[in-house]
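Just dropping this structure here.
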């Protein structure tokens, strides 16, 4: 590894990533002034500005996930000042940019500046590895929000994609009784092949009343008013899919059913592991 | 279920299938005269010939997997006489034919006769379910062929497709130490997400010596002479992929490494379950 | 079930127990005035005092675990006033008393009053069931206190008694690599039979450095200064055994190794389940 | 290791043991003339007779399990001639004898000759390790004797001792649905803590009809005529306990329920592993 990296902005995951990368590479940072956890070592160089001198030494620029929250500035909670996206991109002609969840208009500008962009959110390997952290975070949430044990409880997982698969395995490992809901015949066959109970997600009805905990991983509405009416009032709903998610929260509230939203778990429950996975993905890319 | 079925030819799986189907449907059979396990009940009608009368009552014709072994006759080990494919197809105009592993030229003739063909071998759901039986059969073979226990042994699975996934889970459930080999970054990430050790199938070398049992599921040569030289001489190789398979058997013999071929396991180790799965698939289709 | 119960004092577990028992029995309560979670139903009778009238209707008296914290009064955090043990016992001649962790001197007085005492803490069945909640609570603590994932981490469990056995199974189910330490040859054989790595607890040395998380379940000092020196500084120690426990916390602090104490977990992480288990145990007893 | 061993009689396990011991020790053999698998190396000395010269060099004598089948001669299927127990014992004064399943009268004679006897059958560690092989052998038998898959089947295990515990874990690892039957409240609690369904072995009735496979590990009659009547006729019974075992075989036959006897599995299904475990036990002893 003889690459340098210029890291701009980011949250705790990026801070940990900087420290990890500095084991083997020179890492230039910008917009992380307030991060106390940054190690002090000769491989980490804190830049006051992004100038020609810095850019000359760096071909790979690493940004946060999401790349921006407001569409104007790079997401940089540890920065003392705002970091305007267009300013940065204007300076980084012909470089590689690795960041996550980059909006279309920014991709456009990057392209105009001949910047080669890799969006980490589209990195399948990273997404799979992150689903491990998501599954653990979801389990931690379930443990925290119930005053019963997961052992022996009836758990329903809506959706059998990346998160559903890993979550089901882990919950079975904790001796819960697992049912997974999916739509495609193929997925239903896989659910059986992994030893879980299967249910057609489009045909769920009265059998919903048996569940103690339901995890949703589907990004569109599944638990409508009509489905929610079947639930046991003590059932805990855990929403893992981003907005709008699969649970009608308003209706759940009407039924007095508890809903817990647990989003963006990898960065929250396992920032070090997440940084480790990002590091691996970066090494794969370059 | 108000369908009739005409079942032509087939092995023990078909025999069991006939009995199962007869619970809810009328089943006409042809070419199963020697099958002693066929139940005697009013729903099973043994035909002496396939004539207009029989065909009038049946829109769905079920054939064996493989449909034919010689390319001329339907595979019918329980039949007293040969059953010529073209004769049958000529009579079955406008019907549905469900069978497995049907060759291109037969598909052509079927099309000319306006027969709607479903090849079970291309049924993804059935393939997934059959991988359960294959995994169990592979484990049974490993148990039988070793004079050690699987518990605590180092097992390598080549390939992380359907069979690899199910086999890995089951072997881990028997307390073996599992390593899975794959090529794609994505598959390697999945292997980790499921809690197994991963190894790049293209970069395997000296670490091969640690394995006690290696299962191959890849349909092209993986364990070449060069790879085989690293193996422990006591290692057992189990070939699950059909010809040519992934193991250079000649070279393995030279190294005095034992190779066991375990093919077409679902029909052999669990004919009843396999018939059950075929029945489900047929009900899905019609 | 046609028994009445008189419940005196207790924490949230007892409150939940009262509600559960009231499904099938009449429950008289004393010393739970401040408990808001007590259901209002005809089967729960809140007593202002323990008088002849109340005692006449109850042969089984249920107290908390621990029965007392100060040796003088019954443990009653929801009571408005102190409940003197001797007063109560003096009134309860010839009754059955079920409570937990009852001191020797109280047993003596109970005996003098011909009270038949069952100490729940000595109930093996309850202890086994509680170890499930303890294991889940220990895992929740580990998830909360690390910024890495448990998946793939190297975990050492000191002791292979009730908690060690259940905890090991669950952590393996979360895809951690498990090593269990015990002293007896028999326990070491069991550790192997369950598919974990084993280590002689008296001979641990340099291999300690590989562990990311260590759970202690042994009630006497195991991780002395001499052992702690081998640990990775990032290792998390979780103490599950009550005082003095198995970890020299002062020395761990010197080594800057994080120690988390997680005691009395069943009542904290799963009070409803714990109450359920106590209810079962009570029904077993009477 | 600087011990010599004199090995007398025994079956394939002993043959493998001789080869293993010869890695580090000098091994004298007697009564294994017909065993072709004995390695030829300088550490193995085949004795023509047990004379003073041989005995002078050996303090530890290893015999088979069982030590004798007829009560008169040492169990020696690879010997060309009978080996009279009394003859041997008379010569082995003041030595150590390690063998298995030694009858009381022989222990008596050994004692008179000041021979220190260790009965391997009473070695708890070995018994635990052997239960791993037994569990695998039992699973292999179940796979072989059914034409369905174990995956998803309803399995009942009678008894929750060594074999029950290991077998339950492995079958669950193969995605079977596990119910364990025991008598003691404590064992029933353990069954739940390990995540299996539990059933009181004394109260089994109509619920027996749900099971596809029943393994018995209890050495006294459990499945009496009265219990057998509840079973599904397709249920497979596997007897793992030695005579009389827990299944009324005659009555099972009347009900046309298949019973498979699978005894002494460690030596049959995994002689090498078994020899390895015996070797470990011998090293523990000396």
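So that you can tell them apart, the chains are marked A, B, C and D in the order they are listed, and the count of residues begins at 1 in each.
Keep this in mind: a contact is a pair of C-beta atoms (placed from the backbone, for glycine too) under 8 Å apart; a residue touches a chain by one contact, two chains touch by 3 or more.
This one's a predicted model, so the numbers in the text were calculated from it and none came from an experiment.
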C-D or B-D - the one linked by more C-beta pairs in contact: B-D
Interface numbering overlap (same over half, different under half) for subunit B and subunit C: same
Identity of the chain that, by mean CA position, is farthest from subunit A: D
Computed distance of Cα centres, subunit D from subunit C, in Å: 39
Euclidean distance of C-alpha centroids - subunit B vs subunit C, Å: 52
Inter-centroid spacing, subunit D versus subunit B (mean Cα positions, whole Å): 36
Numbers and ranges of subunit B residues touching at least 2 other chains: 132, 151, 169, 175, 192, 194-195
Sites on subunit C touched by subunit D in the complex: 124-126, 128-129, 131-132, 162, 165-166, 169, 185-186, 188-190, 192-195, 284
Contact footprint of subunit B on subunit D as seen in their complex: 16, 132-133, 136-137, 139-140, 143-144, 146-151, 169-170, 172-175, 269-273
Subunit B residues within the subunit C interface of the complex: 151-152, 175, 192, 194-195
